[in-house]
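Following this line, the structures themselves.
In what follows, subunit A forms one complex with subunit B and a second complex with subunit C.
Here is the complex of A and B:
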């Protein structure tokens, strides 16, 4: 049993999805698709799954197909999990009803063997205790795990997973991988998985790198790393050669007289960008127009509690945010990170505890109103008005903040240059790549020059280059503006850029240290991910 | 077609419809439309507020006044304040009709001279105005006939001996409510059917259909059966409202009513399905369904005007939409009761069946099991 993809090309209406894609996979292999948003990963996955018209040949299990119709006989042995959290789930059906529905539409006889298999999947996904919960009330990570086991229910021989782990916490990600590993060993399933997490990609048998509607490289993790090792140097090198600098490393095509560093798979993207002659905008933040004297502690929460019915989302959480500090708020899906930020912002009423912002105790709505001008917020689901251009959107946000038109205009054009989205100012929101969208949601939160910034998963689903640039921006803001940032993320590598990290579990704070302290406490840990998992095991 | 697959889908749809409380709309909307429109549309005029200025105060003028007073169509007040004041009342929309009987009314009649009476009508709504006008004329003519008989000593005049058929009391309810059933049964099932498919497209759950072995016919059956079952109950509910609340007579065969309604329901479902194939979002699907169904459903239903009185293009258009055929059968079973004995009814049932069949075929042909 093997999969062969020969020169596949997909069009979405008139625009190209993917061109000239070829790959092959053997029984039990896991193939990883990595690349920026819109690079063509989903298009190829849809073509192989036979849900979109395409040109070229796909052969699986001895049957070649060129269209969704010809792929029909193979559908019983294909499992597709499309991109999007909980995309294939019905909000109003319970976990158990989902499993029965998916079993029925695949015409599976629900006998003893099936029931045992179902229970095993439920246990692996940690959902066996939630069988009566409606899907709409599950956390993002649980939804993804439910989608995955629904896809696995009919024991597919070809498994196509499109970013199954985006927005999923490291713990759930490990569980997902355990499920996958077991299935491929017991069923010999070929899996194709696209991912934004490079640590995950490293575990796959073969990696395909996508860029601009093409597959630009393929090989095992170590082969790919070897190809870029020569171009990776330590951070902070000064040179005239064209190069890309990140917080981790410097990438340069021509040999430099500098120390090399061990590359991660993310290096592939930077090297590729260099090879295509792309220039990274230099991140340069100018000083704020006016400065204000700030207390040393800008935010102090004491025993903050939030209760939804019988469910305690946050219980007695203490937290302080200092001037010019980046504080990372980490935890599994549903640990109460977003709820906590929403309490700080006043989007949820506080059910218990005290909150002090910029030295003022927050009691009433008026107290908050006075501080609105000092706080910036980027939500998990930042949305723009689709009928207005980027600039018009930003002007709209500015006028909502009561900023004078001329001030707003000059700030927008300055941010556009500094945050590197000036070429997109007149674009409509649906034309934007996700990474750009991120910068410009940041710009909208900075328009009123706040002193505190709350960022809720600003980098989920954003490609490696855009993420690296985003963090450089945050760092520059911190240094130039002495801004304080509270940020949540599921990328453990990003935690290392924070000054201090707070870990939440089931609504309670379980750790609050600087990065150095974390490493001191766990001397064996190689990366922050390992430390994180120590706390949740 | 695998029955297990269809059953699983149907069960899922029903669960979702109930949990999302869409079920309330399924049963509330048809009833609401029937009750609101049933009470709201009034063609006939009763109790028109009428002022009469009797300047003659004679025997014959009293006779004329009493004719108006005894008619259910007029609500008469004798106006004594004078003409100007009375006209003012009409201007203020406090009264609808002003009738002025001149001083020499009786005298001129007895002398065999023509006499005139003055009539002022509020014709702000033309239909209502012309209806009132004809009522006034009728009463005056009736009174004139009687007067002539007396004056000429039983001279023969023409008297009308009319019998109205099918709607003896000429009640508005009898004319409107059956037509409304035809309208409601076209709109409501179409909206629900369109929603069920588009909802999956909008959410992304349509991938479960694209990527699984579920066939097109299974998917269509799974989407249409729940709506068919739920709205079948409405056929009975609407029947009960019509016969009990609006007291519309039912003279035909209930079996004919029921089976034709189910056939019509299938047509409505397939309209919804066709719309869900070309739309992507639920809101567009609902708006489009309402536009596509409500205009022909209302114009060509025979509620506002009978199809037989339409001419030219509108007559052809009426024949394109299914509502005309169904309404013909509806009016037959409610008011006439001829049933299958009429060859027109048989032909119309056949046309409805053909309609349902071709719409379903077209829908399953156009539905694609792939992203676009």
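Here is the complex of A and C:
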């Protein structure tokens, strides 16, 4: 049982999907695909799965194929899970109905062995207690686990998972990984997984790094780390050499007289960008046009509660946000983070508790109306009008906010330069990489120079470089504007950039400390991910 | 006010950018109206006639000579009644005539006789129009003993041309459909794309946004009406207009707002564009049924006749017919304007409130 991919090329209409990709994998191996959004990972996964036509050869199980038709005889032994949470699920079917449905379409005899295997999968996914729950009512992490076991139901020998963990919380990510590990050991399945989380990639047998429709490096995690170790230095180094600085480290191709730091796999992206001579946008935030006196506590929530029918999404949550503070709101999928933010914004009515924003108690819709000018919000999916260009979007938002046309224009061109999207001003949002959309959503939230910024998972699905730049930007905004930021994220490494972190579990607050306090309480922890898991285990 | 026009401008720009939508709207206002006008044929055409003749042939042949093109095909002679019945059953012929052996005898003897007709009534309206032709032919024979001649004066539609009537009715149905769906879609698309939340967080009066958004779609429908009337109703079908074109436009404008009101209501309930399509059909079909677009109102059950008073399309259709065909003076059109305005403002107010709650 072996997989061989020779020189595969995929074209989407006229544009190139992936050029000349080759790889091989043995029974039981897990191959990781990493790379920026649109680098060609999905194209290769779909080509190997035999669902799109391609050039070149893929050989699996002794059969070579080039097209969906030729791959047909292999379909029973291939399992594909496309990108996107819950994409293969039907909202109104229950967990059990899903399993029976997928068994039926794969024509599996539902005998004793099948039932035992099904139960084993359900137990592994921790879904055995939720067999009667409709998929639409599962949390994101549970949906992904259900999608995975549905894909595993016909015991595929080749498993292709396209970003199964994007937007999934750390706990569910570990559980997903455990399912995979057990399956590959017991079934000898070859798995190909693309991921945005480098900690996950580090656990894989082989890693392929994608950039601009090519595989630019492959090897084991330690091999790849060795290749960039010499270029990684501690953060905050001043030098004339071309280099990339992040909040974690400095990367430079030419040797520097500085202390090295142990690189993570993310270093591969920065070194690659340096090698290709790409310039990073300079993050430089100018001062606000006008400053306002702010109270020290900009947001205070006391006992906020939100109930949806019989389900309590938030229960008695207290939270304060200080002037010039970055507050991280962390928790598993379905812990109530988005609900909480939407309550603060007034998108959901508050069912209990008190909320004070900028020193004003919020009681009525009129109280909110007055504060709308001080609050900026970036939603989970960078909500933008897809049939208007970036500039038109921004101008529209500005005019809705009653900003004079000339002021709006000068601000837009300034943000475009500062946030590094000026070359995309005339492009349509759906043509742009997620990282650019993210920055320009941020710009639209900053147009009216707010004093509080609510960011709901602004970095999910965004590549490593764009994320690093985004955080630099937030830091700069905080320092220059004294803006207060409430942000949710699933990247535990990002939590360390926050001043303070609040953990939510099942709608309740379970921890609220500064980063230093967290580390002091958990002296053994190596990273914030370990601390996070301590609270959820 | 600046915000109002900013929203209207943005919606019109979005509309023009999505070429599929532009295509659908243009198609509906041009070809759809044209097809409805030219395609629906109520007159009999190319009807296959079969007969058996046991009467001897004199009178029956004279009778058959009336069946000619374009309404009828050459009548086919069958050997027996079984074969004739079988042919009707096999849909080879639609009308079967049975001239039995007493047909001519009785006519000569009593000046009264019976002709048996087999009629395939599955194509009901064609079949019954064919039947009335048959009766006319029969009257021509009887007329010799009962000399009354009918002289008809066709009013308002002198050529008795149902093309213009069908095209106009179709246009009005399309106005209904599009004003509802377009309005619902602009709101629901924001829900789908997640921009709804962003909109809610703008320090803007929600009423202005709702009004501006529905107004922008009314503009699109009005442009469609002008194109459709200009190119299809006047251009292709050469429909006369006896009343004031301005009155028609004003009535359409008021009516489009009524449709937009229904659209707002649907948008408040629907989660995505798919649901808009489903809900629109559920809500609109009764309105179109009750309007008299397909069945004349006087032919409805008395209960339904009362119900039809709440269908804004009823006033719109009657008003438009009065303007185009009867040439009713502007001031005498007030019942229709009153109907559309009254029903329309109630409907729009309900939709406005319903969607306003979501803001």
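Going forward, the second predicted complex is superposed on the first by the 537 of 537 C-alpha atoms of A that agree within 3 Å, B and C clash if a C-alpha of one lies under 4 Å from a C-alpha of the other, contacts with A are read in each partner's own complex, and residues count from 1 in each chain.
We take it that contacts are C-beta pairs under 8 Å (C-beta built on N, C-alpha and C of every residue); 3 or more make two chains touch, one makes a residue touch a chain.
Just so you know, these numbers come straight off a predicted model, no measurement behind them.
Q: When the two structures are superposed on subunit A, do subunit B and subunit C clash or fit side by side?
A: clash
Q: When the two structures are overlaid on chain A, which partner does A:384 contact: first (subunit B), second (subunit C), both, or neither?
A: After superposition on chain A, A:384 lies in contact with subunit C alone.
Q: For A:53, is the partner it touches subunit B (first), subunit C (second), both, or none of the two (neither)?
A: first
Q: So in the superposed three-chain picture, is A:255 touching just subunit B, just subunit C, both, or none of them (first/second/both/neither)?
A: Neither subunit B nor subunit C is touched by A:255.
Q: For A:369, using the defined touch cut-off, is the partner it touches subunit B, subunit C, both, or neither? Pick first, second, both or neither.
A: second
Q: Figure out whether A:68 sits in contact with subunit B (first) or subunit C (second), or with both, or with neither.
A: It touches subunit B, and subunit C stays clear.
Q: Per the contact definition in the header, classify A:84: touching subunit B only (first), subunit C only (second), both, or neither.
A: In the superposition, A:84 touches subunit B alone.
Q: Between subunit B and subunit C, whom does A:295 touch in the aligned arrangement: first, second, both, or neither?
A: It touches nothing on subunit B or subunit C.
Q: Taking 147-155, 165-173, 183-191 or 201-209 from subunit C, which overlaps subunit B after aligning chain A?
A: 147-155
Q: Given the complex with subunit C, which residues does subunit A contribute to the contact?
A: Its residues touching subunit C are 342, 345-347, 369, 372-373, 375, 377, 379-381, 383-388, 392, 396-397, 399-402, 444.
Q: Under the stated contact criterion, what part of subunit B meets subunit A in this complex?
A: 2, 4-5, 7-9, 11-12, 15-16, 19-20, 203-205, 207-208, 210-214, 368-372
Q: What part of subunit A is in contact with subunit B in the complex they form?
A: 46, 49-53, 68-69, 72, 75-76, 78-80, 82, 84, 87-90, 92-93, 97, 100-102, 104-107, 134
Q: Going by the contact rule at the top, pick out the subunit C residues touching subunit A in the complex.
A: Per the stated touch rule, the residues are 2-3, 6-7, 10, 13-14, 17-18, 193-204.
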